[in-house]
Amino acid sequence: MRAVSFERGISKHAEGSCLVKFGDTHVLCTASLEEKVPGWLRNTGKGWVTAEYGMLPRSTGDRMRREAASGKQGGRTLEIQRLIGRSLRSVVDLQALGELQITVDCDVIQADGGTRTAAITGGFVALHDCLSWMQARQMISIEKVLKDHVAAISCGICDGTPVLDLDYAEDSAAETDANFVMTGMGGIVEIQGTAEGAPFSEEEFSALLSLAKQGVQRLVDLQKMAVS
Amino acid sequence: MRAVSFERGISKHAEGSCLVKFGDTHVLCTASLEEKVPGWLRNTGKGWVTAEYGMLPRSTGDRMRREAASGKQGGRTLEIQRLIGRSLRSVVDLQALGELQITVDCDVIQADGGTRTAAITGGFVALHDCLSWMQARQMISIEKVLKDHVAAISCGICDGTPVLDLDYAEDSAAETDANFVMTGMGGIVEIQGTAEGAPFSEEEFSALLSLAKQGVQRLVDLQKMAVS
Amino acid sequence: MRAVSFERGISKHAEGSCLVKFGDTHVLCTASLEEKVPGWLRNTGKGWVTAEYGMLPRSTGDRMRREAASGKQGGRTLEIQRLIGRSLRSVVDLQALGELQITVDCDVIQADGGTRTAAITGGFVALHDCLSWMQARQMISIEKVLKDHVAAISCGICDGTPVLDLDYAEDSAAETDANFVMTGMGGIVEIQGTAEGAPFSEEEFSALLSLAKQGVQRLVDLQKMAVS
Amino acid sequence: MRAVSFERGISKHAEGSCLVKFGDTHVLCTASLEEKVPGWLRNTGKGWVTAEYGMLPRSTGDRMRREAASGKQGGRTLEIQRLIGRSLRSVVDLQALGELQITVDCDVIQADGGTRTAAITGGFVALHDCLSWMQARQMISIEKVLKDHVAAISCGICDGTPVLDLDYAEDSAAETDANFVMTGMGGIVEIQGTAEGAPFSEEEFSALLSLAKQGVQRLVDLQKMAVS
Amino acid sequence: MRAVSFERGISKHAEGSCLVKFGDTHVLCTASLEEKVPGWLRNTGKGWVTAEYGMLPRSTGDRMRREAASGKQGGRTLEIQRLIGRSLRSVVDLQALGELQITVDCDVIQADGGTRTAAITGGFVALHDCLSWMQARQMISIEKVLKDHVAAISCGICDGTPVLDLDYAEDSAAETDANFVMTGMGGIVEIQGTAEGAPFSEEEFSALLSLAKQGVQRLVDLQKMAVS
Amino acid sequence: MRAVSFERGISKHAEGSCLVKFGDTHVLCTASLEEKVPGWLRNTGKGWVTAEYGMLPRSTGDRMRREAASGKQGGRTLEIQRLIGRSLRSVVDLQALGELQITVDCDVIQADGGTRTAAITGGFVALHDCLSWMQARQMISIEKVLKDHVAAISCGICDGTPVLDLDYAEDSAAETDANFVMTGMGGIVEIQGTAEGAPFSEEEFSALLSLAKQGVQRLVDLQKMAVS
């Protein structure tokens, strides 16, 4: 696993923020508290946690077209931000949050593989700090709202060997690529596995899952050190 | 598993077509052969297989807004059509296809859960028939282009019990929901598992995977009967 | 005139539905009841009937681009769905309907000329069945809401001879092409005539109109048999 | 019929231009010559004539939203500009024009009913003057390219009486409303008739057509005076 | 400075209107009164003045693409309409206007340089006449709402010489190009200066500013003659 | 003037990059070299320098809507990125650059007033480093391509006193607000002055310009220290 770090409080404005680094992958996460909720939650007393994801045009080896200029978010972007939102919601008690919305923006400053797993893992820290900010103002009890930690890691099979936390070069070479989102207590929140070339076997998948469990456990330990 | 049927040749125009039914979920799949390929494949001698997905506005219990009218395809739509495309490409030798493109359109006529798995499973039949059409015109050898069967099934845990091929009511009630795409030889192409409520355990996931293997095997048998 | 058939009740979800076939032209029509009305009708006690039209990408000889993917509905689509809506409203008493909206979706599954006339003719059946559904629930009196039948047919002049209900090959070859929408009592609701090549004369137009009257009468008879 | 006037040469830049007035309806028409043709005509030696239509936001009684700001042209706009294009092409020999494109822009400065018929009638004058400009430069022979005159008029039935060239107030009150596009030699190019309230009869329609023939004849006479 | 004229009352519908000409640059300005205000002003008692700008496709030497057809307003359009709005608001007491909105539409009929300065200068006249219309209906006191005149002029340096009110040819040749918006009392509202080629000096800029002051003074005199 | 710093080489991928800080305003600038040029420059031997600008959603006090999600770049964004591009091009010899394009992306990580001036000033450093990168590969001679330094500063009048480099609080309170772009040799590239409240006088404007000259001189000194 690559060196992982969390730099908290890097935004003057956001209620919670974190610059997360998984090696050369750097994602800026901010959590913004707003009083509005989506229409279907109005007057239910329940809140919402959602996420948006973007890549700066030159976060990648070749410059990508700016999504704001092309007039829409691509399928990959929408898929990733839906995943981040679901993952973060899996550890939040929306009833205890109350009728408020927290939007976690994950913007990739520099990409080197694993941007979605870094975004979930760092987004959790930004979310945590936003909830701390709210607790300091007697708006919520963080213990009741935040049920567990959540973190994510990618695994893949390169040259027949399972590898944890793929960088861009490994990711491009991997025959199989999977992302695992898990909680601090070891529960599985989301699994996405894709055969890039040949299909993979159940044994290979089990090896990845077992590797991922160790990886997420370490990420959760690092999160705990970061937020305590 | 619900009753599954494939009605082939239902389009006068398409090179391959299939109306697939998984219970009350009905998806119309057409495979269209075109001479163009995406830009990055031009002059490489390789072809492409891609998919598009849509739901008729009243395929669902409540009428949904028509995506053509709202001016964009939603994130769910993009996510599903990317999945269908990857799944079908996993069993195609793009080099053997030659510099041609096959687009598989999957339009949901009536939805009752499992539209993406029905689309992959029926889309395979449409793709197969398109390749047969091409073979009949000496354009390709279907044996070389189509390496295996591919089919997909959803599984979930409802009230603590693993269930195969969820309909809409079961899907809404499921604590955990996973989609599995596998080949005829049992290789795994894609796994997507999501905890709707509480996170799930490795054991629960294994139970789903094992159930899915049986389900896909049966779907592949039905595909073989349909296309032979 | 080509063989015309109406298959009712083909949607599990819609309040009214009909698969209409004019020869090889197949259009799936659903009528959806909703409690909302357009803004300008709010609090007037009057309802609304509207229509949307679409073609599946491979309903045609060559695959067309999916309108949802291209980000907008084309001019032809908008023109046709406005025509369908006006035609259906011509036989509905919107006051007697009450402040409710019925949307008739007409999706072309397979096209072989005359999709707009098939959509109007089959859309009427779906609308009728939606109103029956409402009457069965004591929401309206169908006699008061539905004032008459409405159906449509195309006519053209091919090689100097007036032809009824043009298929795609005839439509492409026709010098003049007109669509007629008429009621069961023989009133004219809409006429659209276009000279494809040379302008046409008043006599030619009269011949088409007279042919259309017979054609619509037969369609109305078939509608009556279908819904009784 | 309202007072009709054509003011030619009102644009410094356009190859042909005309400000047409039908009473208080004022439409600015410019014809622009370009060397490009649509893709499907490239290397065929044939040219193209097309039209675009727009309304200034305050050309109407209430200010309308600017279509450029709302991000798309509405269905009515697209329908009208397609009609103008077809009408003008009906009198042009595209082969004799050669591989060039003429775009006729019709922008409504002030609207008082009948903007589409004014646009066709004035657009013809702009087109004629563009062709004269080309003939003066030995690019074409106008006699070979322009086969006839074309003009358009609306008719309607108000309080049971057929009325020619409806203004906005008459149009709003009319039970039936039809637009007729005809050539100088009396050929019919396009007929669009719509029952606003109750359906209309064949006799009523004949009365409108006969009125329209006289109206178009007068418009063609005025065009001839204007361009000679 | 080119010949400048204001033709008032050229729109039958608008509360105020003016066709302004700066030489061959012709801009049609209408001022429309509406009862709605932007969301952030609701229930504040304050009104709003805003502007929209557009060019007819063939207002220029080469035909430009219609912004409504391309689906968005370009950066230049947005920049200009924001400038017009700010300029007009600089002389309006929004509190005295009351919770109403005036939209000034500036549509370029023919362009020959200086369209934005003509739009501001003519837009003022349309705005003035809209306010007169309101005063005639006892809605406001024009003296309280309209604090001063506002007009705009461009200046540039061509071949080393400062030139006032550049036409298109001069504008294309100018090394430096600046637009000045000033009030009747000589206050500066907006300055935009751009070096097209080499940077310019403070002295050059002073020369332009001094020229502009004279130009605006003359425009204000012409406005006063026009509206009195 | 606030503390200004340039952190170079902060992107692993970009040919040139710089994180510029003007107090609490932080802008990440990357310069990307591409082999394509805009259509109108193809086969001219000339290159192009362009810029894009964006703000992260929570770079501001309240979260803004993500432009990629809203489907278009706003007028302010387009206006600013056009200004950055013009400013950088003013010191580049496009002929000496050769037929290549450099895109400078300026993404605001945290905003506290003056984002456009920081973007120009930092964008210059990223551009410089991109050109150094090219010189190191014998692609160009930086001396020939880069003619001068360029930097920008805002000034305003707060409570009657001219103030340099406004932060957000000062900017909101300023009666007058102007941005100045100047070269290292003191030439003026761009001036944009706006009266927020009452119009300003020539004397006030002169005071701002004189202050800006000193400010830009200091920024250019800091740029020189940074890149040497």
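Per-chain residue numbering starts at 1, and chain names A, B, C, D, E and F are given in the order in which the chains are listed.
In the analysis below, a contact is a pair of C-beta atoms (placed from the backbone, for glycine too) under 8 Å apart; a residue touches a chain by one contact, two chains touch by 3 or more.
Predicted, not measured: the structure shown is a model, and the values here were computed from it.
Chemist: Among the remaining chains, which ones contact both subunit A and subunit F?
Modeler: Both subunit A and subunit F are touched by no common chain, going by the contact rule given at the top.
Chemist: If you apply the touch rule, which chains end up adjacent to both subunit B and subunit C?
Modeler: Chains touching both subunit B and subunit C: none.
Chemist: When the contact pairs of A-F are compared by residue number, which of E-F, A-B or B-C has over half in common?
Modeler: B-C
Chemist: Could you please state the distance in Å, as a whole number, between where the Cα atoms of subunit B are centred and where those of subunit E are centred?
Modeler: Here subunit B and subunit E have centroids separated by 58 Å.
Chemist: With chain centres defined as C-alpha means, what is the inter-centre distance between subunit A and subunit C in Å?
Modeler: It comes to 50 Å between the two C-alpha centres.
Chemist: Per the centroid of Cα atoms for each chain, what is the distance between subunit C and subunit D, given in Å?
Modeler: Each chain reduced to its C-alpha mean, subunit C and subunit D end up 28 Å apart.
Chemist: Using the average of all C-alpha atoms in each chain as its centre, how far is it in Å between subunit D and subunit E?
Modeler: Each chain's C-alpha centroid was found; their separation is 33 Å.
Chemist: Could you say which residues in subunit E touch two or more other chains, in rising order?
Modeler: Residues 71-72 of subunit E each touch two or more of the other chains.
Chemist: If contacts are counted as defined earlier, which sequence of chains do you get going round the ring from subunit C via subunit D?
Modeler: C, D, E, F, A, B
Chemist: Considering only the defined contacts, which subunit D positions touch subunit C in the complex?
Modeler: 72, 74-76, 78-79, 81-82, 86, 90, 178, 182-183, 185-195, 198-202, 205, 209, 213
Chemist: Which residues, counting only subunit C, touch subunit B once they are in their complex?
Modeler: Going through subunit C, the ones touching subunit B are 11-14, 17, 24, 28, 30, 32, 34, 52, 54, 56-61, 63, 66-69, 71-73, 77, 103, 105, 107, 109-110, 112.
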